[in-house]
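Both of the next two complexes hold chain A, though its partner changes from chain B to chain C.
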Partner chain A sequence: MSEHTSDGTELEAVEPGLEFLAPKFEVEGFPWAQVMGYVFSLLLTFAALLLVVDHAMPPILLLAVILALALGQAGLQLGVFMHLRESRGTAWQLLPLGLAFFIAFALVGTSIWIMLFKTGVS
Partner chain B sequence: MPAFLLYLVHTLFPPDTRQPTELGADFMILVTGIGIVYILTRYKKWRWLWREWLTTVDHKRIAILYLIAAIAMLFRGGVDALMLRTNLALPNVQPIGALEYNEVFTTHGTIMIFFMAMPFIFALFNAVIPLQIGSRDVAFPRLNAMSYWLFAFGAMLFNISFVVGGSPNAGWTGYPPLTELAFNPGPGESYYFLSLLIAGIGTTITGINFLVTIIRMRAPGMTLMRMPMFAWSTLVTSALIIFAFPPLTVALALSLLDRTFGSSFFTLGHGGMPMMYVNLFWLFGHPEVYIVILPAFGIFSEVVPTFSKKRLFGYTTMVISLVSIMFLAYGTWVHHFFTMGAGPTVNAFFGLSTMLIAIPTGVKIFNWIFTMWGGRIRITVAMLYQMAFIPTFVVGGATGIMLSVVPADYQLHNSYWVVAHFHNVLIGGTVFGLLSGLYYWWPKMFGFILNERQGKVGFWLFVIGFWVTFLPQYLLGLEGMTRRMYTYPFGFGWHELNVISTLGAFTMGAGFIALVYNILWSLRYGERDLTGDPWNGRTLEWALPSPAPEYNFARIPVVHGVDEFWAMKEQGMTLANQLRPQDVKALELPKNTGMPFMLGLSFFVGGFGMVFEWWPIAIFGGLGVVACLIYAAFDYDDKEPLPADVIRHTEGTFGRLQA
Partner chain C sequence: MSTPAVSERHQSIPVEFADEEESIKITGFWMFLMTDMIIFASLFAVYAVYRSRTALGPTPQQLFHLGPTVLETLLLLTSSFTVGIAVWAMRHNRLRMVFGWLIATLVLGAGFVITEISDFVSYMSQGATWHVSGFLSGFYVLVGTHGAHVTFGIMWAITLLLQLRRRGLTAVTRRKLFTFSLYWHFLDIVWVFIFTFVYLSGKIA
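This part shows the complex of A and B:
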């Protein structure tokens, strides 16, 4: 509340050599990136849905394709909506982002490992 | 028209909502509803209600709203519990039948976890965290109000299921195929999924809000390693929330799709995978049990130093154990379904990881004991709950370790042993912690002190009641009584233990009444807290008047170490004797807004429409949500100036300004 100026930027001195930590904010204007990002994320979603509903390919291939679509979706969300490029410097983002990916993949990986039992039993 | 009305009555009030308990509830809701409307109209309080409370974005008021909701839900969940215990008191005596029993244990569990423990925790986060870290607010005050109203309307949606349409009845875990449409028609389970989805959005937002608040809004000089321990536990809890709630959201949303739109993610037929729901649920569920226990750990880490008049023992190890609990909490979830039979490797892995988590927990227990060791202990109610917590939680943890031994779990799973274990940790840990925090921070929230003598009566009723209720349940588990039975026959030797357990439950009920009586009594006659520091506290919240003014700090303090306020007092300083009139600057405060309330309402309407699959209503609610979000996005007029003179005046009336 106090340390913000009226246009939302922050007054912070950047020490020499640490410029890469300086805040970067998107300039004002019509948010084309966001609008296009929104359209594309809808497209990616419906593409996945249609492929699955129509059984458009053999299952394994289908899985691979929707996984690829999902990765594209994740990248899009991070890049356009999660302010990945617009921040107090990318360095601050990488550590928590890496951590988030680690947790996500660990959870998905172990879930697959746990649920594999079905193939062994049935 | 009459045919239409008949349909409406039949859908909204099917036969199982026309039983005595439901009709009794209808009557109570009607009477309290009319009473509230009457009082508000009579005393012309509608505007006051809207302007001061329903539209507030002040974290201190939101805290009070959360607290009211939590205590109301503790009442409802408690009544459910007494109904369950009454049904089990004697063999073959069943005031309520099997179906209703299922409904009552389902609502009991769901309400206690999601609508009692969670809002209680958020009440204390909101009341304390900004004050403790020397901040004027949370990072996103409007989101904070949104969180509250999403929670509140989610809770309301869940609660009306009892009287409108029928309650969910598949347990607080909502496993398929028990929740599958084919086996469980009616609106009950849809209520469960939708209300938890709505409240879950609010919870996730709260997690984000407090994470950002603690990372970004600390007073100058307060490094992470100088934060009060409650702030640390809030930070870790928030991180857990952010990662734990998405799997729950996915599990609930896919189940809802299965029920409402005929997909088959978790169905028995069509290649669905019911066990995948169980996996996703516990992927959330185990972190969740830490989400509700870590704040209690944080509370005790504040209460013990204050009432032992000593610095917290082993600050760094406390932090390390908190953070390692955070990571380990994600690695143990399979212990809730060892009996699925994922195979020896998987079970051994998760059995070990479960045992591992007891180590950092044990470290914390020792640290509290060493903090008390050699301290000058004052036995207040807050401290009593802490002292009852240690042995109780140790027993709960030890019985958990026994469950993590896979072969033992194959015997104990779904028995009363498990029921006793998780109540041991949830009541002995979370609830004792929350009550301790309630007594401790109550003066800060409301400006008066809860009566200690009455508090002690409530304490003894509650603690003794707890042990009398749950110790017999361990024995019942060993004797083979399974959980979620609605009755049992003579001759298994379960009879006496169940009678004792029910007596204990009613003792706890008396403890709850003592608490409510204490609150009402103290509201009128309780000692006012004029100093702002009734307990001789150590952290910054006690440096402020009680309750804190809306801007919290007239000037943000500079922090030099752990227990900043204690250090200030030792040097004979206060926030007041450093504050000269010219130090006070004008501020901007976030402006009240009706948007969060309307958003919650829209979700409620939409959710209600979806429960009954009345699509026009559902779409109407959905459009309301979109409209609120658009309004919120373009509402730039969200701040209000607070002139320096007003602040000077307020500080002056507290006597906190140098001439």
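This part shows the complex of A and C:
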């Protein structure tokens, strides 16, 4: 993969259009991403807690909002702490992750949806 | 820019990824986490279906105390942060920092498990055991499976600490610490959904 060009300007011999195959890593001098991630994870949690304790909105809307906050929290943990996009080349973990999220939401969502039928049947 | 960029670029790949075999194991660990996620999704689906089936037992609103669960959330979020710093320290080759932050993670995790057990004991002492209703069965299986994962994670962290002490930061121990951090953050994500979907939504009328 790695080749010098004659003048030594090439980092790695990544073909044009194949830049996504280049290694991607985040290593910083001070863990700012982790510190900010921690602060935001606490903010998201306390936002959800306060909304529920205050009964700030109608129940269905409130449930939707706290689930959205939980999804934000999951994205934050994946992106900041789990180094989701890091890879030597193609980030192979992304595709199965999408599939697993799809299966998980289909499983939970359709289960809830089916249970909503009960009133009409019995 | 004419810099000796090729060698720099290679140095910028962390050791656990630069080693081809360890790098494959990290990808494999992601696959494991995906399957574990589907296990938890099934248990969430079961809980969603059974949560209104309280029989003669308590309802979620009557049963749950938010105090201990908020404490558990804080402990686990903080431990997620500390293991994140441990990985950061590992990438800067600071073994002593890795020890410190990993031990902090372990202690916070143990605090989480102890709080959860004492919470379960207080529910059970009110007669809310898992055979009382469908809601309680689904609740204990979902939250208990997560708690068992955290307990296993603590044992993993202890063996990891012993291995780090004997071998230092090698490609293998770095990969193990990295996959441990993935496991731990994953459990944090699952907990956030338990906190939201089980405890908080249980308090919504």
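Observations, loosely collected:
Throughout what follows, the second predicted complex is superposed on the first by the 90 of 122 C-alpha atoms of A that agree within 3 Å, B and C clash if a C-alpha of one lies under 4 Å from a C-alpha of the other, contacts with A are read in each partner's own complex, and residues count from 1 in each chain.
We take it that a contact is a pair of C-beta atoms (placed from the backbone, for glycine too) under 8 Å apart; a residue touches a chain by one contact, two chains touch by 3 or more.
Since the model is a prediction, treat every value here as computed from it, not as a measurement.
Residue contacts after overlaying the shared chain place A:I66 against chain C, while chain B stays out of touching range. Look at A:V52: by the touch rule set out above, it reaches chain C but stays clear of chain B. Contacts of A:L95 after superposition on the shared chain: neither chain B nor chain C is touched. By the document's definition of touching, of the two partners only chain C reaches A:A74; chain B does not.
By the document's definition of touching, both partners, chain B and chain C, reach A:I103.
When the two structures are aligned on the shared chain, A:W113 is found in touch with chain B, with no touch to chain C. When the two structures are aligned on the shared chain, A:S41 is found in touch with chain C, with no touch to chain B. Touching more residues of chain A than its counterpart among chain B and chain C is C. Judged by the document's definition of touching, chain A residues 2, 100, 103, 107, 111, 115 lie at the interface with chain B and also at the interface with chain C. Looking at the complex, you find that chain C touches chain A at residues 1-2, 4-6, 9-10, 12-14, 17-18, 23, 27, 30-31, 34-35, 37-38, 40-42, 44-46, 48-49, 66, 70, 73-74, 77-78, 80-81, 83-85, 87-88, 91-92, 181-182, 185-186, 188-189, 192-193, 195-197, 200-201, 203-205.
Against chain A, in their complex, chain B makes its touches with residues 136-137, 243, 247, 273, 275-276, 279-280, 283, 330-331, 334, 340-343, 346, 556, 585, 587-590. Of all the residues in chain A, the ones that touch chain B in their complex are 1-2, 100, 103, 106-107, 110-111, 113-118, 120-121. Remark: chain A residues 2, 4, 7-12, 23, 25, 27-28, 31, 34-35, 37-38, 41-42, 45, 48-49, 52-53, 55, 59, 62-63, 66-67, 69-70, 73-74, 77-78, 80-83, 86-88, 92-93, 96-97, 99-101, 103-105, 107-108, 111-112, 115 touch chain C in the complex.
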